[in-house]
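The following blocks contain the structures, represented as structure tokens.
Both complexes below contain chain A, partnered by chain B and then by chain C.
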Partner chain A sequence: GSSVLCSVVGPAEVKIRDEKLDKATLDVVARPLVGLPGVKDKAREQAIRETLEPLVLSGLHPRTGIQIVVQTMKDDGCVLSTAFNATILALLDAGIPLKSILGSVTCIIDSKTNQILLDPTTEELALAKSTHVFVFDNKTSVSSTQQENDNMDQDNADSALGAVLFSDSTGLFTEEEYFECAQVCFKATQAVHGFIRTAVQKKLEKEYQQIQA
Partner chain B sequence: MSSSTTTTPAAVNGLATSPAFTFSASTFQKLHPTEFFRNFVSQGVRPDGRLLSSFRPTTVHYGVITTANGSAMVRIGGTTVVCGVKAEVAEPKLDSPDQGYLVPNVDLSPICSNTFRPGPPSEQAQVVSESINRVLKESKVLDLKDLCIEEGKAVWALWIDVVCVSYDGNIYDAALASVMAALKNVRIRKPTYEEGVVKVPGGEAADDENSFKLNLARTPLSTSFVLFDTSLTLLTDPNFAEESISQGQISVTIDEQGQLCAISKVGAASSSQTLLKQCVERARKRNEELRSIMNQ
Partner chain C sequence: MASIAAEQETPAGPQIVLPGDLLPSSDSGLLDDAPAAPVIKLGPGLQPMDDDTIIAVKAGTLKHAAVGNRWWIESNQRRYVAAPGESVVGVVVGKTVDHYKIDIGTAQPALLGVLAFEGASKRNKPDIKIGALVYCRVSLANKDMEAELECFNPTTGKADGYGELKSGFVIKTSLGLARRLLDPKTLILRLLGQHVPFETAIGMNGKIWINSTSPKHTILICNAIKNSEYLNAQECTTMVKSLIERL
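On to the complex of A and B.
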């Protein structure tokens, strides 16, 4: 599987030319597994930064900088999704104030079977007809109750399917395939949110125990 | 700080009730750009007179660079880009010995706007280059095996350079359209391969006998939008001013058969799937118009 290491430093001092008067400045640096950072890494940086900007409560720390460094440790597909998830966990660990958390899932549509496959490996990505990366926040899952979801009919199901925070799809696909992938990824993202919740819980429990000892 | 009475239309109510300051429209735009735009958007128009869903006039010209194998110039409103394609004989990559390759590059330099500084490509230029590269690769625009001269020894490498000559927003749409137009315009002379040497004949004009055109499987074209303000108002084909005050960008790339080649939504708060469906609908309409402009 893929592995991404993310570090967050902030709110810290920032160069005057990067200073924003009313907000914190987010700076994302993405480093690849091998070689010098290239165009793909710049695209990854922009994706992470633009997606996190509305989530971070940057107004609480004006004229500061939050630097996020994302280093790929193992590449077996879905590096962007892994980077998103690592980043949000690192931000939580750092205690940066956030409006909500996010969760990211990648899926592909296989060219032979036309099936939707979640979390593809590099091998599966090579045979994909289209690749879809989605990021959802946890606001939509919190606002709609579970019971309402079960009773929803097809028409209402559309609006409850989850508002998209970030979407990046390439390949050849139809509109129906795209929205079906969005639906599948939204459901899978609930598992990612659950994992984040558990991870933070465990961390707090450990810290509490350390304080007690 | 007294100034002449306001000339902006309609709802400058909030400012008119404040007795201390009145600004001219241009001053107001400089001091409170978002508020200025909001006044227009609430009436369903934009400062340049367009509706929220209108596009700027678009033109496409082919063969603008005679020394290139293929070229095109695309204008979308005030944004002008020129794309040139040069074919070079190169060694194939090790893992694909029978395939040529395409190298797109978008250049955003101070020549087109004073917001760009001289030096290495900015993040924006790199992101646009990468997006175009992914569309070319993953939507299989061209069968790269067509670019093979001699397997394992020589292939055609197409250097696709997009230079922005004038920047007024929506660089991705203009750049992608210019790349597709330039690729349609490409003529490569048929080479001969003898004893390890590739000979490309020169001399007389390139015609159907001594050169070939690229066999493009599809020509994806894109439509871009921005999400303005907390109301997530959708603005199609943003100009530079609109881009600078908006947070989110949505792009939908569609080919001539109506298949989606790419969807991208970055920035701004979560947008509902209804909004995305709206974008896809508008993109389809725009695609048809753009194709008829390109085919003229």
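On to the complex of A and C.
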């Protein structure tokens, strides 16, 4: 599997030319496994920065900078999803105020079997007809009419989709395939959110041991 | 705040929240504490949203004090954001005619007025060198300006422990550990005090100043405090014992 190391420093001092009067400036740096950062890393930086900008409550820290550095440690496919998940965990650890958390999952549609495969490895990515990266937040954006019908209509509940914060798809696919992938990834993202919650819980339990004793 | 707080206990334990979690709605019964005071006071970690809901913006434990129907999140981080009334340990990094520039770990250095000391006047100003340590109180802090500090207790006008810290050593810890050290229920400082005499100034900005009779003792205390962050009472006792034995 892939592995990414993410560090978050902030709210810290920022150069006057990068200063924003009413918000914090988000600076994302993505470093590859080997070599100098290239276009792919710049694209990764932009994806992370633009997805996080509406999520971070930067109005609480004007004229400061928040620097996020994402370093790829192992590359076996899905590095962007791994980077998203690592970033949100680092932001939680750094205590940066956020409107919600996010979770990211990658899936592919296999060219031979036409099946949807989650978390593809580099090998599986090579055989993919299309690749889809999704990022969801932890608030289900079910419309109010759907909510009323939820108890009566199980189909509606199954087709409920969370708010998509980021979506990147490459390859050949139909509209139905795209929405099916979105559904599958949404369900898988619940597991990512669950993991984040468990990780936070475990850390807090360890911190409070002395006081509760 | 911690001393009069009641933890928000669910049957499974304290309620852990993540950003995006809504504060319990009024029908869950958790906001019923003060019927005479329907106003909810929000502390750190909670933000009201445009649609009249309240969401958590930090990961941590949801806390509630019945007095004044106050709600807040206890979270941990290493970066300090200034808040008025907190005591902090800082380093003097600059000096002008009216104030000292103090680095307290915030994005911008804070300002300590040259006359913000006990018994200071235009003719009797304290002389603190650049690089010196000071223990002060945050008198003014908001998100748009540099924080302002003072070296006296505003209610009494006396120094009350604030001022320059001479000799000793400063370590940087997380904000949560610093807050827990200020709580008398935390074991580590009492444990260390039984073996080694020392004095300490705990800054809520995560900087802790320690001074004792010899550098060996100072280093031992610093290491013990840093190690104690994730240990329970039993492990703390064992850790301190093993450090003392090696003295």
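Couple of notes before you dig in:
Operating definition for what follows: the second predicted complex is superposed on the first by the 190 of 213 C-alpha atoms of A that agree within 3 Å, B and C clash if a C-alpha of one lies under 4 Å from a C-alpha of the other, contacts with A are read in each partner's own complex, and residues count from 1 in each chain.
Criterion: a residue touches a chain if its C-beta (ideal position, glycine included) is under 8 Å from a C-beta of that chain, and two chains touch if they have at least 3 such contacts.
No experiment lies behind these values; they were computed from the predicted model shown.
After superposition onto chain A, the modelled positions of chain B and chain C are compatible, with room for both.
In the superposition on chain A, contact is made by A:137 with both chain B and chain C.
Using the contact criterion defined above for the overlaid structures, shared-chain residue A:53 touches chain B, although it does not reach chain C.
When both complexes are overlaid on chain A, the residue A:40 reaches chain B alone and has no touch with chain C.
When the two complexes are overlaid on their common chain A, residue A:179 makes contact with chain B while staying clear of chain C. Figure note: vertex chain A, arms to chain B and chain C, all at CA centres after fitting on chain A; angle 130 degrees, rounded to a multiple of 10.
Here's the short version: in the overlay, chain B gets within 11 Å of chain C at its closest Cα pair. On chain A, the surface touched by chain B in one complex and the surface touched by chain C in the other have residues 137, 139 in common.
Residues 39-40, 42-43, 45-47, 50-51, 53-54, 130-131, 136-137, 139-140, 158-159, 161-175, 178-179, 182 of chain A are the ones touching chain B in the complex. Of all residues in chain A, only 9-14, 57, 60-65, 92-95, 97-101, 137-139, 196-197, 200-201, 204, 206-211, 213 touch chain C in the complex they form. Those residues of chain B whose C-beta lies close enough to touch chain A in the complex are 123, 126-127, 129-131, 133-135, 138-140, 247-249, 255, 259-274, 276-277, 280. Taken together, the chain C residues at the contact with chain A in this complex read 14, 16, 18-20, 45, 47, 55, 57-61, 75-79, 81, 107-108, 143-144, 175-177, 180, 183, 185-188, 228-234, 236.
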